[in-house]
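Working notes, structure below.
Order as written gives the chain letters A, B, C, D and E; numbering starts at 1 within each chain.
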Amino acid sequence: MQKIGVFVCHCGTNIAATVDVKKVVELVRYEPGVVYADDYMYMCSEAGQEKIIEAIKEYNLTGLVICSCSPRMHEKTFRACAAKAGLNPYMVEVANIREQCSWIHKDKEEATKKAVILARAAIAKVNLNTPLQEGESPVTKRALVIGGGIAGIQTALDIADAGYEVDIVEKEPSIGGRMSQFDKTFPTLDCASCILTPKMVEVNQHPNITLYTYSEVEKVSGYVGNFDVDIRKKARSVIFDKCTGCGECMTKCPLGKIGNIPSEFDRGLKNRPAIYMPFAQAVPAVPVIDRENCTYFKTGKCGVCSKLCPSKAIDYEQQDEIVTVKYGAIVVATGFDIINLDKFGEYAYNESPDVITSIELERLMNAAGPTGGHLERMSDHKQPKDIVFIQCVGSRCDSEEKGKPYCSKVCCMYTAKHAMLIKDHWPDTNITVFYIDVRTPGKNFDEFYRRAVEQYHVNYIKGQVGKVKPQPDGSLLVQAADLLDGKQINMKADMVVLAAAVEPNPGVRKIATMLTASIDNNNFLTEAHAKLRPVESPTAGIFLSGMAQGPKDIPETVSQAGAAAVKVIGLLAKDHLKTNPCTAQCDTLLCNGCSTCANVCPYGAITYDDVQVMDHGLRETRRVAQVNLALCQGCGACTSACPSGAMDLQGFSNRQITTEVDAICR
Amino acid sequence: MSMNEENKEFRPLIVAFCCNWCSYAGADLAGSSRLSYPADVKIIRVPCSGRVNPMFILRAFERGADGVIICGCHPGDCHYSTGNYYARRRMALLFSMLEYIGVENGRTRVEWCSAAEGAKFSKTMNEFCEKIQSLGENVRLGDLRCKN
Amino acid sequence: MSMTQLEKNIEAIKEMSGSDPYKCMRCGKCTASCPAYSEMDIKPHQFASYIIRGDFEELIESKAAWKCLSCFACIERCPRDVQPGKLVDATRQMVARSRGGDYLQPEEVPALLAEDLPQQLLVSAFRRYRR
Amino acid sequence: MQELINRLKELLADGTVVRVIGWKKGDMPYNPEPAYFEKAEDFDNFVYDGFCGANLSKMMIEAAKLEGKTAVCLKPCDTYSFNQLIREHRVNRENTYIIGVGCRGKLDIEKARKAGIKGIKSIAGVDIEGDGDVTFDTIYGEKKMAYADLMLDRCHVCKGKDHVIFDEVIGESKDTGDKDRFEEVIKIEKMTPEERFAFFKSELSKCIRCNACRNVCPACSCRKCVFDNTKFDSQQKANVDSFEEKMFHIIRAFHVAGRCTDCGECSRVCPEGIPLHLFNRKFIKDIDTFYGEFQAGKDPEAQSPLTDFTFEDLEPKDAVGRGDK
Amino acid sequence: MKYSYYPGCTLKNKAQDLDKYARSSAVALGFELVEIPEWQCCGGVYPLGSDEIATKLSSVRALNYAKEQGQDLITLCSACHHVLKRVNDDMKNVEDIRTRANNYCEFDEPYSGETKVLHFLEVLRDVIGFDELAKKVVNPLEGRKIGAYYGCLTLRPGKILDFDDPENPKIMEDFIRALGAEPVIYSMRNECCGGYTALKDPDFTKQRTAQIFDDSTGFGADCLITACPLCMYNLNKSDASSKVPVYYFTELLAEALGVKEGA
């Protein structure tokens, strides 16, 4: 049986004017468990708290009920007060007789009656309270960033600059990501590699950053502060420490000339050798051998690169290696790609080499690209005179079969950028943009778009393109609508550029599963709170950076990367994490192992294990729910989903809430 | 207290489950804005509307409550991301079932109320009390086995 | 949710056509795709907005419904699954059901017949033009 | 039936399974009961006919824990229950050998009694293979009834002739559905609240809390029922008793909502004849209407509607008063 | 292999070529077309309102007949193919239509889309296989440059007909290759010929067909093939300067298989 002290606060006249405080004290004094009841002018004041502490000591109180203002106001105060007197802070309940009673009722008798009922409910609850301990878990002071694009790079740099160690895992042979493929960036038109390459070098040289390129996350276990991650370092077939990056192997690889290996980096507009770096400024500047295409790996013959390498860095025998590293926090920055365009046969992307995607256009305009920055048609290498841009290809579609339901956000701006860059270089080009809506929210964005129209005379037409028809003379006939002028347009073009929808990197689903980070219908990672916790995953210790969370441009990505870094730093700065003691708890004897609770847990805090249980003298191995207390945030979704009542929530247990109901309805 | 009041006019007993993050705070705001509603409403604080087990609601009715209202964060605003979505389904099914067995519509209600909506909280409670007042005492839900 | 009379009418069209005009985002891909564009007085993308506005009279009186080839290009390409061709079909139905205003009268037929005309043409023209 | 027996014996003989769960003859021709069969001679008592309505899937929870594989005879509709148990990790599939047995509808002896057939000595025409009328040899002479007229109500809303999970199928099945599954529910929905209340009052007041419904229900498979643990007690058991007494069927129906496959066993076993399936079916109908069609147990991978949501779900206030519009 | 065969009204009349060459080719390829007894016209057009039942019943009866025979149902005419597949999809997936249609028809057992509907070309591709077909060719059509003209009804709506990629089909091109000729790919091949508007707006269909001929011959086609009697009619009526001969695909098939004469 608890020994409960009830303390009724006057709050000056805030409570006492409407609630007969003395009467409340009298009426609750004989409630079960109550051994002491008193009132005071200001319970939260120094003197009021002193009164509580004294009573705890004098009456050996095991529980407190404070009838006062909202617990949202002073619950912390009274818990600290209890702790001061050696009482577990979770043995305190607050009956809200100010905000929810004295302030809203006028009739004193009525308000007093209600105050008593609220006090009774709190007393009944405290009778069932148990002391709860805040748990502690240590924090490994190292972060993992998955993905080495601009989002991952920026996050890693910010964390590393704050003095913490960071590892970047990148599945490609070089970091740099999508941004390294771009030519210029909007809205300032600075050269993408001029601003990205220095950051890539900085990452490589930073004492706090370790790079795992050509590597993938294989397995993740643990929880916030204590993740164990297996990283697969794929065999490069080049010894990292010996390679000087001279590039001799790449120039001499026979497949570079005669092979037909499309360069991933150049989007298949150019071929690459079997031993390659994706691009000249790759970081690290160490090539890899593409074993699927390499003649040596296919036939056992060749070996040119090994023979020619001045530093004997080629190692055909190299094996994949798995390293296990501990981390306190993980940032997902897996980025995006554009969708496959097979479903948009009407735009003839697969039929005509002169219908290209925007990323291909980036490569075609890039001085380091397959054409050396000279814009030309892939069919006849002639410079296009009439170029048509089609917006929203696969964005804003209703059905999954067609495309994506969301707006890809970046296309309107980069199309304006492309149009202006082309007009800058080749002013006699005619450019037409078919759009549904031009969306330019962002600093200096609409001005940028208007410049394309007003200064560069880019022809913007509201209306979608129905079909692109390759013509016998090698041109493309674009059949489109002009909705504002009410016309169907049939115009000839030399080149058509498709603004294909972006989508999260397809690998993210697997990674999210490993991390138990939730993901939405479009494979974007979900944030813990759309407004208030936009860079955190609902799973504690997992943070989000860049396109993996949703469509965004480079400035937004960089600011989100910084925000994610701050959250990581805030976590790593702590030696220990206090865990919320109001967590779910599973009664293993009652658990059916049905997984219903795990299905509704937003934090992935519930796992299922086979454990030995003793049930009425019978030893049995059962599949039962286990709550990871470091992850559980105490929402109680599992408790309402549990059919057997095995899952319960400390601090808000089924019995506690039931007893409150009973006390109120008594 | 109850002895000498038995002949007085019917005053309903209403239990309100409020989630800690939005609606309980909304109720506090109603209080600090002095937006009154009848004392018939008694609030039970829960972490999330998703914590409200249908057992609690049935229990309240069985114990003599005349109305039960569940308040949570607006869909999309749940502090725990998704709790209110599960609550929404659970309550829709429960309410429909109660209607099915012949309980008067309106004894149960779900309202999404944010921490900023003190006025809405107060208005909701006033409406709900009025509704329950008009329905009168809860007889049917006291005993779903209907033996008495 | 209660509905206005207009919404109820639109609901009926939705039912009849299996197509939801509210989904239209006015991209014009249907109009861009339409081979009979030049023949139509109300353009394919306008069918959704006419219906949403409740301009049924104008739709019924338009020639457009009879000029649509039912080639399904708009249905195939519509990114919002509005499938304007189905709204066109619904319009033809409205005409036929509301006033028997068939576009083709049987007595016209003999004059239109060519010797090698396939049955398929006659049958489908009858279906399209008449109730 | 002989084919089934032969095959079961064969499975036992070749060691594929070490026991079989099927039905054995009861004391009357119309009440066979679930039983274990471990040896060839046990099969002398084996029966599988129109009266073998019992859903054996729940027995597999315990049986699959035993050493060696167990073969279980499941009718098409029973396989839904089994699938649902798999979804909830309640049975060990590896340790189960599912014989999908043919079914042309199961019979309800009460239907015969209501038709005035009494003093039954023996019954013919209930074999699983036949397709004629059922003939009763009674002390008052021979009586005949059409097979369909004798069928359990649940078979008139049959889920179909296909087994959704099995290792092998023996015998033909028939889709015996000829009624709308929700006909009864809709009928009740159309009553006034007063009529509905009166209806349930008259039905539920018959309950003697024998727990037969709970015991037979494959979804009610908790190790310990919430009514038997103290998780929701406030003070003492006495209080809970009254709560339990009063709310039992609603709470039970809610606990199995989204998991109930509508196998109809609850109503079949109720000694008081309470149409308990009307609660479950109401939930199923609501789930179908509110959240899209869902059949528990059809796909063990499918998310249950109560552990799922969409952003646009119906608001609770729109879930009621639907009949008023 | 036996198939239920739904010829449709036009093949019995103006498009007898389409039919007879298909029959003789089928024999040469070792499968049999069993014509459904007492079939009725499919209507040529899928019903305009999704709530119409009566106009779907002739298709439902044909589909159910094939089901009773345990055979797949073959069509040749693009309109029949279109209508039968769409009605079949309704019977499979639209409960309301299924129930109402079954109520009308009173079959022994309700029909719910069990029959598989195949276009003759699909049989060549998916059952025989174009590589096998190529082996059976005795008169390869070497040196011919053939444009496939698909039109609308064989391809769209792509999801329901599930015939080929509606925007970039290749079944007829593969067919042409199998016969030893060279396919000509041009973008008007899946654009409408004007269809039934030929009845009241013949000038319009002439515009359309002229574009089709211009485009296909621009890419070098010396003839076109089609599976649709209506396309055939419209193309034949064309007075385009670029006009080239148009054949039913079955005619070229029979020719390549060496069975054209006996047909």
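Note that contacts are C-beta pairs under 8 Å (C-beta built on N, C-alpha and C of every residue); 3 or more make two chains touch, one makes a residue touch a chain.
Fair warning: this is a prediction, and the values are worked out from it, not measured in the lab.
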Those chains which touch subunit C and also touch subunit B: A
Partner chains shared by subunit C and subunit E (touch criterion as defined above): A
Comparison of A-D and A-E (more C-beta pairs in contact): A-D
Core chain by centroid distance, with centroids computed from Cα atoms only: A
Most distant chain from subunit B, judged by the mean position of its C-alpha atoms: E
Between subunit A and subunit C, centroid-to-centroid distance (C-alpha), Å: 46
Centroid distance [mean C-alpha coordinates] between subunit D and subunit B, Å: 36
Chain centre separation (subunit B, subunit E; CA means) in Å: 64
Multi-chain contact residues (two or more partners), subunit A: 346, 467, 600, 641, 654, 658, 661-662
Numbers and ranges of subunit D residues touching at least 2 other chains: 226, 232, 306-308, 318
In subunit E, residues with contacts to at least two other chains: 166-167
Interchain pairs in contact, sorted by label: A-B, A-C, A-D, A-E, B-D, C-E
Touching residues (chain side subunit A, partner subunit E) in the complex: 344-346, 348, 350-351, 401, 467-473, 477
Subunit D residues touching subunit B - in the complex, by the definition given at the top: 185, 188-189, 193-202, 204-205, 207, 226, 232, 242-243, 245-251, 253-254, 257, 279, 282-283, 286-287, 290-291, 305-309, 311, 313-322
Subunit E residues within the subunit A interface of the complex: 159, 165-168, 185-188, 215, 218-219
Subunit B residues touching subunit A - in the complex, by the definition given at the top: 1, 13, 15, 20, 24-25, 27-28, 30-32, 34-37, 39, 42-48, 50-56, 59-60, 63-65, 76-77, 79-83, 86-87, 90, 122
Residues on subunit A engaged by subunit D in the complex (per definition of touch): 124, 128, 587, 589-596, 599-600, 608, 615, 623, 641, 643-646, 648, 653-655, 658-659, 661-662
